[in-house]
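Common to both upcoming complexes is chain A, partnered first by chain B, then by chain C.
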Partner chain A sequence: MTSGALIFQSVILGLLLGGLYALLASGLTLYFGIMRVVMIAHSAFLILAAYLAWWSQTRLGVDPLLSLVVTVPLFFAAGVLLQRGLLSRLRPATLTMMSVLLTFAIAVIIEGLLGYAFTGTQRRIQLGYGTANLELLGARIAVVKLIAFGLAVAALLTLYLLLKRTTFGWALRATIQHPDAARLVGIDTNRVAGYGFGIGLATAAVGGTALALDTTIYPSLHWHWIGPLMAIIVVGGLGSVPGAAAAAMVLGLTQSLLQIPLNTTWAQTIFYLALFATLAFRPQGFFGGRLAQRF
Partner chain B sequence: MSTRLTKMRWATAFGATVALALAGCSGGGEGSTSGDDPIVVGISLPLTGDFSEPGKGVQRGYQAWAKIVNDKGGLLGRQVELKILDDQSNADRVVSDYEQLIGQDQVDIVVGPFSTRLVVPAARVAEEYGMLFVEPAGAAKEVFEQGFKNLFYAAPAVANDHYNHLAEYILALPAGQRPTTAAYAAMDDPFAQGTAYGLKEKLEAGGVRTVVDEVYPPNTTEFSGIAAKIASSKADLVVGGSQYQDGVNLIVALQQLAYQPKLAAFSTAPTSPEFAAAIGNKTEGILAPTGYTQKAPYPSNVEFVEKYTAQFGTPPEEDEANAYTTGQVVAAAITAVGCAEQGECQQKLVDWVRGNTVETVVGPLSWDATGKPKGAHMIQQWVGGEIQIVLPADAKETDIVYPKPAW
Partner chain C sequence: MPSASDPATTSAARRPAVTPARAARGVLLLLVVVAALSFPSLAPNPYVLSAGILVLNYALLSTSWNFVGGFTGYISLGHGALAGLGAYGTGLLVTKAGLPSFLALLVAALVVAALAVPIGYAALRVRGASFVIVSIALVLVLLLVFQSWASFTGGSRGLTVPRPFPDLLRPEHHRVFWFLFAGLLALALLVWWLIDRSRFGLGLKAIREDEDKAESLGIPTFAYKLVVFVVSAGFTAAAGGLYALWFGDLDPVFQFSILTGSYLVLMALLGGVRSLFGPLLGALVVGTALEYFKVEYGSTPLHLVATGLLLAVVVLFMPDGVLPAVAAGIDRFRPAQQSIREVTAAELREQRAGGAAAETELAGARPGGAPATKEGA
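And now, the complex of A and B:
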């Protein structure tokens, strides 16, 4: 009954979706790696970035991709301030749990401000190429999804190179792996953690823009995203960016393929099934994630 | 604070009504004895809480109805006076409100509150006291499964009947043109699903094969999977049981996959003012059922839109229109039966409504034994860059375009 064309189409859609998930989840896993912070507000920042992209397109007539020039540095600065001003003041003993409360509050504040500024009306970026598509061996690839995927690849590649090839990246990874030892060799771990947090939030700027290209947005949309993103970073191994990316691709693809025999409701449960399975059988995650711990 | 405000508002409204009544008496000089005694209409509305937005819309609809009726000299020569209580969107409050209105305040007539959740408990009270109960909200089928004998829903159709005109049109097409396969995608929500499944039932009975039948949770934003299934089925027609954002996202996802159906019908989303911009103006040929439009040509609607706009500064929307329709039904019954008070009169009013058809701003309405309206929604279509009425034939602004042009 199921045609090969539908399966091929679903594989393509799944890969595109997985790429987007990888981008959206990368910042979340980074925060946890840097300072064991569960950043509930990450998806709220994604939606904030999506709104900024929408706003610059609708009100200023600027292509959403160009808005990145402003939003990426802005979010980086916000991340540094957030870490230095708020999160670093939490007591280390209760950091993980208190960070949930603190970032939960930030998420609610962002949601409230978005509702105040833009109302609860659903918004969608109107692009000339919004429904344009390319044909590949009988399957259709939407241009906007391809752009979002491209953004994900570019952002993750940049992140990878930054972590592996720069002095700052070494310092950041040292801070992630062993903060005490990092301090002993002379790394200012507080400053590095602040910048690391900024980078995490900068990925939210890119992710939010990618998200806004092909979906309607509304202030409370972030609650819909935080669950799947949390599942992705746990499956991928908390703190591991490549792990999160791999888990995102696998889960995106699985979700897309499950949609063929099952319906949307059941296809979505793959995230939670994977989360349960991971916590039950392999709490450190399936991809890398040396750091992971139960929480 | 809010009760004081409400009281003040009441005082103002009452004062205005008295002034109007006096003016009417001195001007017209009809001087019937009952003219001194207004017909008091009791209503409980959610003016605060979850449903305050639509609740206030319904309130404006009732106010517009009372003003238009009173400007013409009232009903049976008596002025109409509204007595509105705020139920704070609370189902417990709504029961005590109607108890108070009927028992203590001895209102002559009661009409319904807003939302299905509040209509059912309110109708139960009205039923106990034997009062006629016409209501402007509560389209879900549970409302009509309670065995109410005095309840009437003052709108053209319940969700399952929204697409009736379209079903008739499709099944009447000559065999060569008639679509043979259909794809359905509906939100997991009684209203949205009801619209799509109402059409599905009728088309299946008429021989149109269902090739895709998807239900998605209300928070879904990713529609490419569902769209891929529909596109690969190459169904002749696609029906979306949608609210707003899901309808928009599904249409865009279908367009991205270059799917071109002969007919595309979606509930709610296409009638929203933001719709065209949201899907990049690729709207051509999309159909939607609609319960109320300011453009409907029914004579009382032209008057309603004009006078409502003069009174409130903006044209009426569906909530306002439903309340106004409720008023029209009650007014027709009172005028025909010739009474408006508690007691035996109420049963006469119920019997009259049950046996007659009422001309309203949403067209002629009549009801079955459960109080369910027998009509269907008008069908609108995006033609030439604007949404226009295409069905039924007697209300159409332009001809239906089938097969729809490529989007």
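And now, the complex of A and C:
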């Protein structure tokens, strides 16, 4: 029975999910904008953060939200190191292809290490407020999903303010738009690119904690995330943060609504359908600018 | 066949006839062929033979991958999915449509090649990043579909493919399939070699080096990329189909695994994507290592770590393959090579005159030159 309440509930859940997608896709978009890198390991870091949140809750008894205090700076540093130490050493001519392989290798290493350290067993955080629900116009929404959404929105807002209102944000956007010109006006583009990667990876830390709140995690889960995320950044137009956010909301909502008539697995194929359709009919994506035309 | 000792078909006067390097390559090729033909009788037990077939399958897949990866420089992580499609296509055509095994294999390869046209159309219109994304998406979406559509594909329970030769014993079965795989590999290598020497191949390599310049020189880059992608997909699917007929049991988790795709890339990169036998060499090394570790240590997550580390090392330090890396390492200890400007025009003329004289002398010493082709082929 598809009652109005069920559809309403799906819309709410879709929007909540879309928020998380938007946060994670914005990180992927940042990498692509800065260096034309398709960062396959983004979702592996996401799962790593989720594991760290789970670990801090079960072993240390700390609320998973508090693990952010450690994971966000940690991931920022990892992102800077990744860009400065590895990706910037690749040959510029083959950077796009080789960086995919390198980040793929990192993703596989993380998956393997997670499997080694925590075994392949499925893990789930048990929280005091984990089963609490909020009734809203007949829709039941888990409190943890709201917290996850709140985290995503807060992080996205911070990212927006950082990019638009700070000097560093200006420098980062200038580096994305035209690295040579940015260097001419005195921006240290290498350093800015490194910090940009750090910020991108920090979104994975926030996203991972949000994810751990209400999802069962296992080491190979990241493959279920990287596909939808890559579809989102292509549909949104490679390199466009607002495009990625809009595509994330639309696709998240569609996926959630499709779960009513179809099962979860089939609903996920919407991302790939959107990806193929976008590339076949509008390869620059729906919000992409000059940048997306050529990749 | 690519043979070092067949200069006689072209005019021997214009090309250097049998240089030591070409002769060495001819001997090496002969050795490889002899080793391939004699392996089934040398293998001590059926297990070693079946492991050899797995390595051969990797070599075939990696060579098929190299049509796209080597010529155009577009890295596909999704070739595992094309092989899986070929395998499932063959299996389903045999079990559901009742086609004879090898006809089913051919039809499946052609169908996958036809499917590669729309996939390539979406993936290749723009540059590399989209291609990579599509190639990964292909694996993920096909895994979803083949797991969920259980009524047609058997889902997670897998699909059993009947053997093409039901009355053969297992060792005999392995032996037959060894030669089938080797034959298909030889065909793939031959096609790669032909493309490598053709104008088409030149255009593809121009795309690899600089796609903008290639386009401005009038190379129809999109059409070229699409054609070579379809060829690659066809060979990959045929390899997958042959695997289905040999192994007889398909599971979506293994057929549509992104890890398989990455093994192929690793093998080709390690061996060298620019050379004909690079992927074969890489498959020998990586495929053997994979089998060895599976036997010694079983399946642990450390497999993933080792694969990832090896891939990262290859990408960072030897993106052109291990052989060019080793050659560059040896070159360091040699005296620096002279640039052309350090040779005077007079010296150069003398060198050229000497070279031409030696050449004509050589051609004259071997009248006809035809007999030399025979043993090389």
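Here, the second predicted complex is superposed on the first by the 288 of 295 C-alpha atoms of A that agree within 3 Å, B and C clash if a C-alpha of one lies under 4 Å from a C-alpha of the other, contacts with A are read in each partner's own complex, and residues count from 1 in each chain.
In this section, a residue touches a chain if its C-beta (ideal position, glycine included) is under 8 Å from a C-beta of that chain, and two chains touch if they have at least 3 such contacts.
Remember, it's a predicted structure, so these values are computed and weren't measured experimentally.
Once the two complexes are overlaid through chain A, chain B and chain C fit side by side, free of any clash as defined at the top of the document.
Contact comparison for chain A: of chain B and chain C, C touches the greater number of residues. In the superposition on chain A, A:V38 makes contact with chain C only, not with chain B.
Using the contact criterion defined above for the overlaid structures, shared-chain residue A:G169 touches neither chain B nor chain C, since it reaches no partner.
Of the two partner chains placed by the overlay, chain B and chain C both lie in contact with A:T265. Look at A:G120: by the touch rule set out above, it reaches chain C but stays clear of chain B. Within the superposed three-chain model, A:T215 lies in touch with chain B and out of touch with chain C [touch as defined at top].
Touch criterion met: A:N133 reaches chain B, while chain C stays clear of it. Contact with chain B, but none with chain C, is seen for A:S256 once the two complexes are overlaid on the shared chain. Superposition on the shared chain A places chain B and chain C such that, viewed from the Cα centre of chain A, they span 70 degrees in steps of 10.
By the touch criterion defined above, A:A5 reaches chain B but does not reach chain C. Superposition on the common chain A brings chain B within a closest Cα-Cα distance of 5 Å of chain C.
Comparing the two complexes, residues 263, 265, 268 of chain A contact chain B in one case and chain C in the other.
Interface residues of chain B, counted against chain A in their complex, comprise 188, 214-217, 219-222, 224-226, 228-229, 231-232, 244-245, 248-249, 252, 255-258, 274, 277-282.
Taken together, the chain A residues at the contact with chain C in this complex read 32, 36, 38, 40, 86, 89-91, 94, 96-98, 100-102, 104-109, 111-116, 120, 219, 223, 226-227, 230-231, 234, 238, 263, 265-266, 268-269, 272, 275-276, 279-280, 283-284, 293-295. Of all residues in chain A, only 3, 5-6, 9-10, 13, 16-17, 121-122, 124, 126-128, 130-131, 133, 135, 140, 142, 144-145, 214-216, 218, 221, 224, 255-256, 259-260, 263-265, 267-268 touch chain B in the complex they form. The part of chain C that touches chain A in the complex is made up of residues 73-75, 77, 118-119, 121-123, 125-130, 132-134, 136-137, 140-141, 144-145, 147-148, 258-259, 262, 265, 269, 300-309, 311-312, 315-316, 319.
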